[in-house]
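Next up, some structures in structure tokens.
Presented sequentially are two complexes of chain A, the first with chain B as partner and the second with chain C.
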Partner chain A sequence: MEQIYWPSVFFLIFGGLACAFSLAVLLSTNIVRMAFYLVLALAATAGLFFLAGQEFVGAMQLLIYVGGTLVLLIFGVMLTSQERFVNMKTPAGDWVLGMIAGGALLSLLTAAAFSVPEWRSPERAAVEKLQAEPNATPIGMGLLGARVDKIDAPTSEQAGRSGYLFPFEIVSVHLLVVLIGAAYLARAKRRANPLPTG
Partner chain B sequence: MTISLLANLLTEPPGPAHYMTVGAVMFVCGAMCMATKRNALGVLMGIELVLNGANLNFIAFGSKYLNNGGPDLGLDAPLIALFVIVLAAAEAAVALAIALNFYNNHDSIDVDRADQLQG
Partner chain C sequence: MASGINNLLDWLLSSWLLSGLGWSIPSDSAVGYVVAALIHIVLILNLVAVGALVFIWLERKISGRIQDRLGPTRVGGKFGWLQTLADGLKLITKEDLMPDGADGFLFKIAPYVSFAASIAAFIAIPFAGGPYPWIAQHLNTGVFFVVAVLGLEVFGVILAGYSSASKWSLFGAMREAAQVVSYEVPLGMCAVVPVLIAGSMDMVVIGNQQAGLFTNWFIFHDPATFITFWVYFTCATASVNRAPFDLAEAESELVAGFHTEYSGLRWSFFFMAEYGSMLSVSILASVLFLGAWNGPIPIASILGLTYENGELTGYLGNLIGLTNVLLKGVVGVCVMIWIRWTLPRLRIDQVMATCLKYCTPIAAVMFLGAVLWQYNLPGRTFFGLLPAPAAMFAVDEGWDAPRAASVEPARPAVVDVREGREAELWEASPTPKQLEGPNWLEVERGIGVGDASHSKSASHTHNQHFASQGRRD
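Our next item is the complex of A and B:
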């Protein structure tokens, strides 16, 4: 009996939770329960990110998604939750069509994932020899335009590389524009036909 | 074949294929949410699931713990994943504003009633 590899056990736990709560989001008809299951599914995904050694992305997933985006969604649910919208039934025909298309897509994607030998499990001995490295600093340097992981690459490969400085700027401006646009769209409007006064 | 690969997962480290399987389940659940939910906010939650399933693949291909010493995406993977997270937050804000506007104008959140642009 070989020794149990504990990261795999945690992978099974987090992966199973992520799959189960994604299915729960899909199958639930109550919008409030859907939002709650989505929180749990995204938190389990953050656990998978930690397990893959990307602590920074996992932390950002918890902060931005679970802490920000989902609060926004839950506010949306609360603002629009009239009784007749909390439970909305999908017609059975839509379910059948969706299940056929979804099952086909899922079997295709799973078969594709396991069909490439390079994507199978790595050697246990090789993985156990790896040293953990902090990864927030390389990510921060990459966003500022310096790729510390490519520092030994020949200069011919480094020409024209500026890391992710430009996409970072674009996404910053995009976020600003989007927030202004969202505030503009959701502002309180003057009524089209005001009530007669006096 | 898939069964045997899952069976010895207790003694072997997970590979990108296992992460991709979880990502595929999340992606398909999200896509079906987008297709079958009638509540506009349910559709929005489906989009979040789809983006997370895609992010999981990026992380799996960028992790040195999952790839067998071969070429991986390296630092590109977490950076792209971060951009996806930020864009998902932006998209959620705009989509929610549109949903609230629709609710204010039509007194409904049913996507089947959003047919004003119908030709």
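Our next item is the complex of A and C:
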């Protein structure tokens, strides 16, 4: 029992669950069940984040994808689904096309995963020395434009300054525009010629 | 075999029980790992299950009193205390029904989804603080995790409503989903305010900062937090779908909402989930606003039940903390029951208007108010501003001193923010002096010590500051 490295075991469990539920999303024909399996796959991914010590990202995954997006998705299904969309049948041609596209992507990703030296699994002794650090602060600092993980960079321009402030602002302004647009489109329309009352 | 059991007991003692006493855990022991996890699971499951048992009885008794009735009296003699057990027996023996057109798999799994989400919130909730907190999983972002997980319960509700093949269930589920999803917004904004004051999302750190007299509780920190607490409690009541916000199960229109078609044990799982969520939001309220495991008077530190005086006394002090947390949680649940049997049910548009027109703007303004208070009066609480006698009472040294010593945060990352507003980031974060440029000097002025007129707190934080620098070098 002493030889078992438990984080690896849990990694395999959560990774396997994520893969299995992703396959279940593919193979099921009922659209609500698909959404349910997708929730489980995303929750297993959140488990992987927790396992990696990135609690903030894991909780974010739960809040945004599992709690937000999927609820919205099921809502959309409930509001719009007609009889022929509830059970989806994939034609054989689509299967072949999907297999080709997915297989190509998978081979590419697999090759990439094994060719980047930083992604090789390190020695167990090195892993056990690693300590997960408190992690919400660097993310917040990064969004404000300060990369605390790059302090030791040679020039002061790179040192802690190459954050994500600009993309963060762009994304937030973009989302605000989307929000206002949605509110504009969904507003109660006023009649052009109001009916005479009384 | 015997040696196996022996080893198991050994790991059990060493890995969980003794870690509560502050002794070290053998971290790579497989059996200890599993046993510790199992003990945590059993404790949390029993907290929710036994809690539901008590709360159902309590709800019936309180509602009986409020409506001038007796409530359960027949079963179990005095006060009818066996009533819930009898209810449970009845529910277990009921037939497990499922409508013809239902989606069998989803229909069967939906109650468990709800229940699992409700229980998962308890993973990150601390039950006693101090240097060795009692918490199943000490998360760095505990508040965020709990708020995120509480939002997952709606998923089981939607599944139940959809898969029941019943229009009442579907309407109930859609109403509840709309309600819970919208109330998550003001709930999250209210939860941000204590996080802002504490400077950490770690619930243990937040609780430890409220140690001492009740004047140190975050609800009394400033007027903004005082209002925020009531908004939080309203939103929490709505997000666990309790009256007056329980339109989703309006019996006159929807029969029972999303669980119309459920019977027996599956139905009771939904109710266990509801009572579990009520308890968890109440405990979250107590951790964020009501001083967590600190009673109104710091009995534990007055009696010397801290970890400095030995491990056993620290353990006893944590027991007092556990009692405090559970008491505050139960009081919160009782208030929810009281509200339920007092107020009439709101219409759906009124529910949504309460959320969007009132709770959200108030929470946003209170957030701004808390920021302004922290900026203008760094490290001062409302009671700390009162004239001399009251202020002395509020920050009495005799009760303040053990707090400063014993309540070192469990991780060294966060320094007590209220003593000078120093948010030391994390160990490897840039000390402002290491980065050149005017911006960082401003950052230092903003986050750092500020004014030297606070002689006591300023010197305290200066020391911390230099200590952290020394660690880095």
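Heads up, the rule we're going with is that the second predicted complex is superposed on the first by the 158 of 198 C-alpha atoms of A that agree within 3 Å, B and C clash if a C-alpha of one lies under 4 Å from a C-alpha of the other, contacts with A are read in each partner's own complex, and residues count from 1 in each chain.
In this section, contacts are C-beta pairs under 8 Å (C-beta built on N, C-alpha and C of every residue); 3 or more make two chains touch, one makes a residue touch a chain.
Please read these numbers as outputs of a predicted model, since none were measured by experiment.
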item	value
Clash or fit, chain B versus chain C on superposed chain A	fit
First, second, both or neither for A:G98, with chain B first and chain C second	first
Chain B versus chain C as contact partner of A:V178, first or second or both or neither	first
Which superposed partner A:T69 touches (first chain B, second chain C, both, neither)	first
Which superposed partner A:P138 touches (first chain B, second chain C, both, neither)	both
Which superposed partner A:E123 touches (first chain B, second chain C, both, neither)	first
First, second, both or neither for A:F56, with chain B first and chain C second	both
Contacts of A:L48 with chain B and chain C, given as first, second, both or neither	first
Of chain C and chain B, partner touching more chain A residues	B
Three-chain overlay, closest Cα atoms of chain B and chain C, distance in Å	12
Contact residues of chain A, present in both the chain B and the chain C interface	2, 4, 56, 60, 68, 75, 135, 138, 148-149
Chain A to chain C touching residues, read off their complex	1-2, 4, 6, 30, 32-33, 36, 39, 55-56, 58-60, 62-63, 66-68, 70-71, 74-75, 78, 128, 133-138, 141, 146, 148-149, 151, 156, 159-160
Of chain A, residues touching chain B in the complex	2-5, 7-9, 11-12, 15, 18-19, 22-23, 25-26, 31, 34-35, 38, 41-42, 45, 48-49, 52-54, 56-57, 60-61, 64-65, 68-69, 72-73, 75-77, 79-80, 85, 88-90, 94-95, 97-99, 101-102, 105-106, 109-110, 112-114, 116, 118-124, 126-127, 130, 135, 138-139, 142-143, 147-150, 164, 167, 171, 174-175, 178-179, 181-183, 185-186, 189
Complex contact set, residues of chain B against chain A	1-2, 5, 9-22, 24-33, 35-39, 41-42, 44-46, 48-49, 52, 55-56, 59-60, 62-70, 74-75, 77-79, 81-83, 85-94, 96-101, 103-104, 108-110
Complex contact set, residues of chain C against chain A	28-31, 33, 103, 105-106, 109, 139-141, 144-145, 147-149, 151-152, 154-155, 158-159, 162-163, 170, 173-174, 177, 181, 184, 201, 411, 413, 425-430, 434-437
